Each structure stands twice: as C-alpha cells, then as structure tokens.
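Same chain, two partners: chain A is paired with chain B first, then with chain C.
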Partner chain A sequence: MARTAVPGRLSWRVATVEAARRETPSARTLVLRVPQWPGHLPGQHVDVRLTAPDGYSAQRSYSIASAWRDDGLVELTVQRVEDGEVSSYLIDDLEVGRPLELRGPVGGWFVWRAAPPPVLLVAGGSGVVPLMAMIRARGDVRGRQPFRLIYSVRTPQDALYAAELARRVRDDPGLDVHFVYTRKTPDGWPEPPGRLTVATLNTHGWPPDFAPDVFVCGPTAFVEAAADILVALGHDPGKVRTERFGGIS
Partner chain B sequence: MSLSSFMIIGFTAGMSIISPGFGGRRRSSRPDLPPGQYLTHDFPVLSAGPTPRIPLERWQFTITDETGGKHSWSWPEFQDLPAEDVTTDIHCVTKWSKLGTTWRGVTLDTLFENVETTADYTMVHGYGGYTTNVPLEDLLDGKAWVAYQFDGEPLAPEHGGPARLVVPHLYFWKSAKWVNGIEMLQQDEPGFWEEAGYHMYGDPWREQRYQGD
Partner chain C sequence: MTAVDGNAMAGDLRELFAVDVTTAVATCAGCGEPCVVARLRVWGPAPGLVARCPSCDGVVLRLVRGPERAWLDLRGAVSLQVPMPPRDAPATP
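For the complex of A and B:
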C-alpha cells in the first residue's frame, strides 16, 4: 500500500474574516483570509478553535464551501445548531475584520479529484456545503463531467446557495439540480412534501451502469437512508462516499 | 476594521489567540474530557460509506498471524466465548465524546489466547473493506473488546453491528465497525483514515488527531 502524500503537521493559523454573508435565516458564510494556506480539495474540512479570555476553548469541524482559487481565501458556511456554543458565535458574534483560528485542510476520502466519471451529489440540509465546493471547483475549471445534485431541504427558505445553484444550472454545462422538500414545497411544485425515496434517486440520479462517483452528506438518518437506497439500486458501495453529522452542538 | 484594532484584539494567551467576544456560554469542558472534545448525549455516526448488512450465518472473525496461520470463529462459536460487560468513555476525532457507554463483548485477551505471534503491530479489518492499524499491546491486557451489544441491545448496523472492535483509550476510528479480522504485522502500516492524513496512533489525551500531532 503506497502512502498518500499528505502535508506535515497541521498547524493552527490565524485567519481574518474578510467578509460575511447571510445565506438563510440560520446560516452564514464566512470568507476567511488565511495566511500561507496550502490550498484544498473540494470536500475537505477545517477545524476551528475558539478561545475565551480565561483559556476555555472549543473546537469544531466545518466543511469548506469554496473551491481553492489560489487567492488565500477559504469560505465556510455555518449552520446554526440548537444551543451550539460555536455555531452561535460564528453566526451572531464574529465580526468582519476579526481573527479566527483554524487548521487544515483535513480529509482525503470525501473529496472530488476531478476524475472523469459522472458524479452524483446527494445533500441533506447543510450537508450541501462540501458538495457545493465540488460544484464550484468543477465550474472553475469548466469541467465536463456530468454532475447531478439531489438536495433535500425542509422548505424553500432553507436552501443554501439557491440563487447560485440556479445560475450555475444555466451557465455550467452538464449540471442538474433537483430539490426535495420535506416540509413545505414552493407554490405549484408537482409533488407534496416528503422525504427522499427510491424513486427520487432512481429518477434524478445516475444509473448504476454509469458507475458514477457518489457523494452523500447530511444528518446521519438522511445519509443512512440515501446510502441504503443507492446500494439497493445497484450502486457499488465502494463508490458511495459518505459524510455524516449528528445534529449536535 | 483597521490593522491596529486587529492587533489589540488578537493578543495571544499561551498558544492560541483569544476569540473576541467568545465567552463559552455553554461550557462543555470537564476533567474527563480530552483536550478539544465536547460532550454529547447522542451517539453520532461516522462512516466512510454505506452501512454493510452482514447476515449472522455468514459472519466470521479471523485472526491471521504473521505466518498466515488462522484462528476463526463463526457467530455461534463467538457467542460461546466468555463475554464481559464494559462501561467506558469514548472519544471521536470529530470532537464528540460520550461518557459512560455500556458494551458487552469478548475481550481480545480471550481471542488471542491461542495465537502465537512475535509481531507487534496489527491491521484490523472490517466488512466493507475498512482497515485501521493498532499496536498489539493496545489490544491486550483488558484494553479492547469485540463488542456485540450496546446499552443492553444488539449492536445496530450503523454503529458497527453485528460486532465492532472497541478500543476506548484511542480515538474511536480505531474501534473498527463491522469487524471481521485482525492481521498481525511485523511493521506498522497505515489503515484507511491513517492513509488519509489521520494519526497513526490516535491518543485522545495527547490530541493525536492528524499526522504530525
């Protein structure tokens, strides 16, 4: 087994919040300028560390939302977690111009390396964040790999990056996006609200014969359900990469 | 914001900078939590792919020594081995810790009772192709179990059932889910996450999350 080349020690870096934008009522994107950032692959994450004046500190992992453009910028989209001490700080308290400690990039498995096969992205809620990095990276290099995103959200207002996705569906050849609404649909939507089903993945995914690279990210129950359906439909389990978060602070 | 105000705000305290305005309203640190961990009462799931479903009649656990000698147990044979109830804290590299979890399983000391080996390292294998490396001494002397019950119930597939390794003194990715074998190695080799940049040993108390930590 050959060792994958990985950088040496991941040291903590002090980034500066260069800009911030509200994505939804419960999510905020931080645009961070990170000194000596080595670059990252779409799908990788960073560890963020907050430290209080008395030395108490808290760490969390956040997926990187942006594709690397060699400009020193890294974007994180933070979804508010109920009672989350870190997410509430990053959304409510951290102002533009302020420092934020992070280290990374982390992860060498849940990444898209611009390989030739078609890609199926399956997102539940803020699980879309690392998948958006893949869509953006493909857009940056004008990738021709057929990409399909199936994106499950509670209501239309909960969709992250909705305007950008609509623009990219128009401008990025070979990108399709299908929304699944679990609580409330837009007006005139052809189906009642409901969870992702076998039919959704069968109709809006790729056939297993196309041997797509599949990335599934979201809450545990969502990822378990989606991955089980994909395997039942005949997808090779070895081509289905998953990333799960537990809905915890 | 000007550079000067950044400098004032960004003063250092030991190794880390202060996060302006962060008070840590919900302090989750306590002495039984390793550095950088927070407490959860859920049981989050971390897996790289779909959850494999392993029928018990096909389940097998095999220890392979460095000469290729094999020691195997079927599910009924494994169930016949003496089991222990274990209460322990677990620590995931993704930062959550769960305290006082209860497991039932077979200690590795029992499984290694008749295994002759001079090798110091192991690669633990799971159904679905997962691998992780653990030194042999970290598996013996009451430090590790192949567990098949969690909280008094059969271990659920998403948590590694029908049986998973439990090595609670290392980050939980070392506790291979869907475990089906241990291979003895003369030299340490990286497993699945270790190949992807995670630490070769993974001691949570020394915060060995990533390569070089």
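For the complex of A and C:
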C-alpha cells in the first residue's frame, strides 16, 4: 500500500478487461488488468476516458470496488445512469479482452486507513462501491475494527454484492449490515419502504461517544441528508467523510 | 447539473500536481473558513469545474482542462495547506 505514495504526476494508462460479471440488472463489474498499477487504498477512484474515432471524448470517475491484492487487478462496478453514454458502453458494449483507458488511483481523502476506531459506512445506491472496497480490505487483513454498513437501495434487486455481504456478515467478525429499502422491501420486512431516517442512523450506527470513522457515499441529496442527520446526532463533522456523485439515485 | 464534491477533482489536480491536493486545506478568501479540498462543493461538467466554499458559497477554485493546457484559478483561496511526508523521512519505495 505504501507504494501509492509514489510521487509524480498522473498519466493515462491502457487497461485490459480481464473479466466481467453482472451484479444486478443495471450494474456490471469490470475486472481490469492495469500495467504498472501502483496499488490503491480502499475508497480511492479512477477516471475512465472513452474516445470515439472522431476524437470526441468523455470522462467519468468510478470508485474502485476491490481491495488491492498486489496482482495488477482493479475492479470497477458501473451502475447504469439513465441516458449515460459512458455507463451504457461499459455495461452493454465493452467486451472481455478489450482495452479501456484510465488514470489513477486518485483521491486520498475518502480513504479508510486501517485504524482502531469503529467504522460506520453509509451507502446510497451505488455509493456502496468504495465502501465495499473498505469491507474487502478489512476482510483481507482479518481486521478487527467493528464495521457497520447501512445500505439504502430502492428494492432488494438493486442491492450490489448482496450475496458477498451476507457471506461476510457470517464470516468476517465484527461486520454488520443493515438495509434500508426506499421503494420495495423483501417479503416480511418489518418496516414499510422509506428513506434513511434519524432512527435508522441512531439504531444501526454507532453512538457518537464511540467516535467512529464515518464514510458516507451516494447521490448528492442522499449524502447531504445522511451527513446532516449524523451531525445532528452528535457526530464530529470532522470525522464524517463524504463523497457525492451527483445525480439522483 | 447537481453539485458533486472536491473528491471528483482528484484526477484533474493530480495531472497538475505531484501531491494529492484533495487532502489539502483551502482557506476561503471570502469568509476565511478552512475547508478540505475534498469537501468543497463542485459544479461541472468537466472540463470546466468550479469549486465553492461550503460555508459561504464563494468560489474557491476553478479548473479548466483544455486539450493542450489547463487553467487553474485559485484567487478564492487565501492559502492551500498541503499535507506532506516528514521532511527527513526516507523515500517511500
């Protein structure tokens, strides 16, 4: 991990799609092999650039979903954006074996650095991606920091990594996951669908006295609502790290 | 265009600087509040980004990336305080 500290300016690299898998009907994970990849920290992202034959180019940021394992592989999970020219290409058209231009890793602030305090992760939709990298990194080193993920999705079918999260809750000691369903719940769910509330964060988060490291990622409106609630509950604003990806969930 | 935040400028800034400027603290020239660059409110779309102070909404930083040059306007920041490795630390491998 220390190798991410290599100084020098950033340039574009050409990765190759080594594998791909469908996560949900509207999301796909790309497993990329990146030459001379320096390694990354959980929470960092990459910029992806597509260039058309006529020179038109479009650039987007994607969070890295995988923990770094020194194997040259980087996983990105791409959620379809309505009318998104980049996401639709990455989900529908980009085939295994094809090149993809990217640069990174970037962003040193929305990053979990294995530290003793408990951690609260709050995800809205595909905002779970960088938080999943944190959960995976903790799992890889058999971390003991208590981790709680509160994950807001529209319906059960929209949850990314659902099977892996269920397995990790069983196998990774000290990891808890609580789902919030905003449009449709699973059968028998004790609450009607609804947005993240003060009660959710109060019940399923950590008390402010525990001084947890908090990471909130999702659409801008979701992140601002969640961060406001956390601060109102007494969390130190300086310990609430946020990443907004704009748009609507 | 909805606002994102300073995290989204990390790639464009790392093209210009050898360090990660999103972890730096910018002091707003308008209201004097310090703010981590990653926390600034950013409006796009790329290649023209405007980063505003979350306290007073003043423009702190503007960044435009053209095909052959970049413009960085920092007049809304009194200073940038950049975390650095200790001066006498051995080089990171």
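Operating definition for what follows: the second predicted complex is superposed on the first by the 241 of 249 C-alpha atoms of A that agree within 3 Å, B and C clash if a C-alpha of one lies under 4 Å from a C-alpha of the other, contacts with A are read in each partner's own complex, and residues count from 1 in each chain.
By our rule, contacts are C-beta pairs under 8 Å (C-beta built on N, C-alpha and C of every residue); 3 or more make two chains touch, one makes a residue touch a chain.
Everything numeric here is computed off the predicted structure, so don't read it as measured data.
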Since both structures carry chain A, what do chain B and chain C do when superposed there: clash or fit? clash
Contacts of A:S61 with chain B and chain C, given as first, second, both or neither: both
Return first, second, both or neither, reflecting whether A:V74 touches chain B, chain C, both chains, or no partner chain. neither
Quick one: is A:A133 in contact with chain B, with chain C, with both, or with neither? Answer first, second, both or neither. neither
Looking at A:L41 after the superposition, I want to know if it touches chain B, chain C, both of them or none. Which is it: first, second, both, neither? neither
Regarding the shared-chain residue A:T220, is it in contact with chain B (first), chain C (second), both, or neither? both
Applying the touch criterion given at the start, work out whether A:A27 contacts chain B, chain C, both or neither, answering first, second, both or neither. neither
With both complexes overlaid on chain A, does A:V14 touch chain B (first), chain C (second), both or neither? first
Going by the contact rule set out at the top, does A:G108 touch chain B (first), chain C (second), both, or neither? both
In the superposed model, which partner reaches more residues of chain A, chain B or chain C? B
Only chain B stretch among 4-12, 22-30, 94-102 or 148-156 with CA clashes against chain C is 94-102
Looking at chain A, which of its residues have contacts with both chain B and chain C? 3, 6-10, 47, 59, 61, 106-110, 220, 241-242, 244-248
Footprint of chain A on chain B - complex, ascending: 1, 5-6, 9-10, 13-29, 36, 38, 40, 42-52, 94-96, 128-129, 158, 189-190, 192-193, 195-197, 209-213
What does chain A use to touch chain B in their complex? 1, 3-4, 6-10, 12, 14, 16, 47, 49-53, 55-61, 83, 85, 88-89, 93-101, 106-110, 220, 223-224, 227-228, 230-231, 237-238, 240-242, 244-249
Can you list the chain C residues touching chain A in their complex? 1-8, 10-11, 14-20, 22-23, 36-39, 46, 85, 92-93
Contact residues on chain A for chain C in the complex? 2-3, 5-11, 45-47, 59, 61, 103-104, 106-110, 219-221, 241-248
